[in-house]
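Each chain carries a letter (A, B and C) given by its place in the written order, and its residues are counted from 1.
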C-alpha cells in the first residue's frame, strides 16, 4: 500500500481463518491502521488483493464490504455524537433486523457490554473508555463475520480492560476477530496467535508466548532492529 | 486576421477579469481555509473608494493602486478581528457569518450612498486593431493581472513575511511556539487578501461603474474560479481563470454573453465533478 | 426513545386549525394574500430544514427547485387549462431535477463546500436562463416565458373534481396553510422512521454510517429529492399568490432561505417555519422605514446569531418551554418526555 512516495505496507501475506482470534502488534508507523483501512474499504491497496470469505473485495465501497460482514471499531471511536447510546446501537442493529428484534438486540447488547446505565446519555459527552464500549456494542450489533478492533483497550480502567478481555474471548467463539493493540497485558489475556508488523512488513507470526519473548520483537519496539 | 486578434485579446481580458476578481478570495481561502462570502463587497468597496477619490480630485492611478487597497485592507483587518477570528475551523459558520457581513455592508452602503450607479471614465482611450476598436484600458488590465500575480508569487515565496504566513497556515501551534504571533499573521493575511480584492475592484471600477449591489455579480464567479482552481493559490486561480475565461469568451463570440456566462458555470460544475479537488489537486478532504 | 408529546401536538393542531379558519375572517384580502405568501415561504424553509438541518446537506440553491416548481405549474396550467396535472408536474419535475443533481453530486462524493458551490451555481444557471427568455421566441406551448418579467398571470388552482371552479384567494390560503401543517407532520413522521434516523446519523457521522453498512449516497439522494419536491410545492403556492419570475432563482431568495433556517434553528422543523415568518415580517416592516436598509438589519442579525446564538431561536424557545413545564411539574402537573420536532 503506497501513499505518494511512502510504501506503508509491503509484501503482506496475511491469512486469518474463520472464527480465529488474531492479534496484530507493532510499533507506531508499522502500518497496522492502514491494514485495517484496506480491509474495510476506506483505502484501496495500490497492489495486491484481499479475499473475504473467498471473494475479492478490493475496490468495493465501504458499505458494501460492511454488508458482507466486516465490522470495525476504529482507533479513534467513530460514533454518532449527537445521538444517545441506545440510538447508536439501535442504528447498527436495525439494518439487519426488524423493529422488534432490533430493540431486543439493542437492549441485550447494552447489558452485555455494560453500557445500559448510560443508555440515554448523549454519546458526545462520554469519556473515551465509554465511547470505546459503545462502539464495540455497535460493531457486535451488526453481527459481522469479521470484527476488527483497533486499540480497544485504550483509555480503559483495569476493570474495564478485564471485562473487555472476557467479552472478546466470548465473541471469538462466534466471530473472526483481529485485534490491534499496544497493551501487552490485554493481549496476554486474549491472544493465541500474534502477528508482528514492522515498517510495513510482517516480522513474525507465532503463538503469543513465543512472540513476547522473542528478542527481535523487543528490538523492534526499542528501535534497534531494522528490517531491510 | 484582425478579428482573430480581437478574439485573442478578449479572451485575455476575460481571463484577467476572472483572475483579478478571484485572487483576493484565493489568498484567503487557500491560505486560511476561510470562505469569505463578503468578498464581492470587498471588490465593491475598492470600486467605491476609487470613484469617490477620483471624483474628489485624487489622481485615478493613485486612487486605484494605493487608496483602494489600503482602505479595503484595513476594513479586512477589522472584519477579521471582529468576526472571522472566532470562527476558525468552522467552515459553514464562516460562510454564514460572512454572508451576513455581505448583506450588512451592502445595506450600509445603500443607506449612505443610495442606489444609483456612479462612475469614472476609463483612462487611456482606445486603439484601432484593423477594423475594430479596443479599449487600451482593458488591455492594461491584462498586464495588471499578470503583474499582480507575479508580485504575489514573489511575496509569498521569497520574503520572510511570506514564509511566516505559509508556516502559520500549515501548523499554527508550531508557529506559536516559535514565537510567531499567529493572531497577527491571520489578521495581516486576511488584510492582504482584502487589499488584493480592493485593488481589483478599483481597477475594474472605470469599466463598470459602482453600485452597492455589484458585489453579488462577482462573488459567485470568484468563488467558482477559486474552487475550480484547487489548492494552489496562485497556480490554481491562474489555471482556472484561463480555462473558464477562454470558454466564456469563445461561447460569447459564438452565441451571446448570456450563453457565455452559462457555459462558464456549466463548465465549472463539470470540472468539479471530474476533478473533485480542483485543477491543482488535493485540498479539502471529504468531510468526515 | 420516543416519548409521547401527544397533548402538545394536539394543542398545536387545534391552535393551527383555529388560525387557519380565522385568518380570512379577521384580515382583509391583502393581508390574507400576504399570509399565504408567508406560508408558501414557510414550506420552502421546511424543505431546507429537512435537507440541511437533518440531512446535513448544505444546499445553497434550494430556490432552484422552488422556481422550477413555480414555472412548471404556470406553464402547464396555461397549456392545460386546469390545475390537476400541472400540480403533479410541478412537484415531479423539481423532484426529478433534484434526483439528477443529487446523483451527480453524491455519487461523486463531493465535499460540503463544493456541494454548496455547485448547488448555488445551478440556481444561477437557471436564473440566467430564465432571465434571457424575453420575447415571443421563448414559448412552451401557449405559455410565453417572459424573460425577466416572468409570467404575469398564473391560472389559479381549481377544485380537483370540478375544473370550472377556480379557488378564490381565501381558499388558496386554506389549501396552503393546511398543506404546511400536513407537511410538517409528514416530515416529523419521516424523521422518526428507520430511514429518517439513518439520514440523521449520516449528518452526524457519514463514515460511521457507511461502516455500519448503509449506502449513504442513496439516503442523501432520497432526502434531497424529498426536499426538492417540497420546494416545488412551495413554488406552486407562490405562483398562486404572486407570479413566477426569474427572481425565484436569485441569490437573494437562496440567501434568505438559509438565513431563515439558521436563525429559526438548524436541526429543527418548527424553528425554520417560525424563522421564515418572523424574518419576512421584519423585512416587510423595515421596508416601510426609509432610513434603515433591510439588508443591513438582516445581515447584522445573521452575524450576531452565528457568533452568539448558533443554534437559532427554536432551542431557546424550547428551553423556555421546558422551564415552564418544570415549574408546572413542581405544581404536580404530570410531565411526559418529549423529543425535539
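Simple rule for what comes next: a contact is a pair of C-beta atoms (placed from the backbone, for glycine too) under 8 Å apart; a residue touches a chain by one contact, two chains touch by 3 or more.
Here the structure is a predicted model, which is why all the values come from computation and not from measurement.
Chain contacts in this assembly form an open path, with each chain touching only its neighbours along a single line. Relative to chain B, the most remote chain by averaged C-alpha coordinates is A. Ranked by how close its mean Cα position lies to the mean of all protein Cα atoms, the top chain is C. Separating the CA-averaged centres of chain A and chain B is a span of 48 Å.
Chain A and chain C have CA centres that are 43 Å apart. With centres defined as mean CA coordinates, chain C is found 33 Å away from chain B. Each of the following residues of chain C touches two or more other chains: 205, 207. For chain C in complex with chain A, the touching residues are 1, 194, 197-198, 200-201, 204-205, 207-216.
Remark: chain A residues 40, 42, 61-64, 66-67, 71-72, 74, 78-84, 86-87, 90-92, 94-95, 99, 120, 138, 142 touch chain C in the complex. The touching residues of chain B, when paired with chain C in their complex, are 35, 83, 86-87, 91-93, 95-97, 99-108, 110-111, 216, 220, 223-224, 227, 256, 258, 261-262, 265-266, 268-269, 272-273, 276, 284-288. Listing the residues of chain C that touch chain B in their complex gives 58, 104-105, 108-114, 116-118, 120-122, 124-125, 128-129, 131-132, 205-207, 251, 255, 258-259, 262, 291-303, 305-307, 310.
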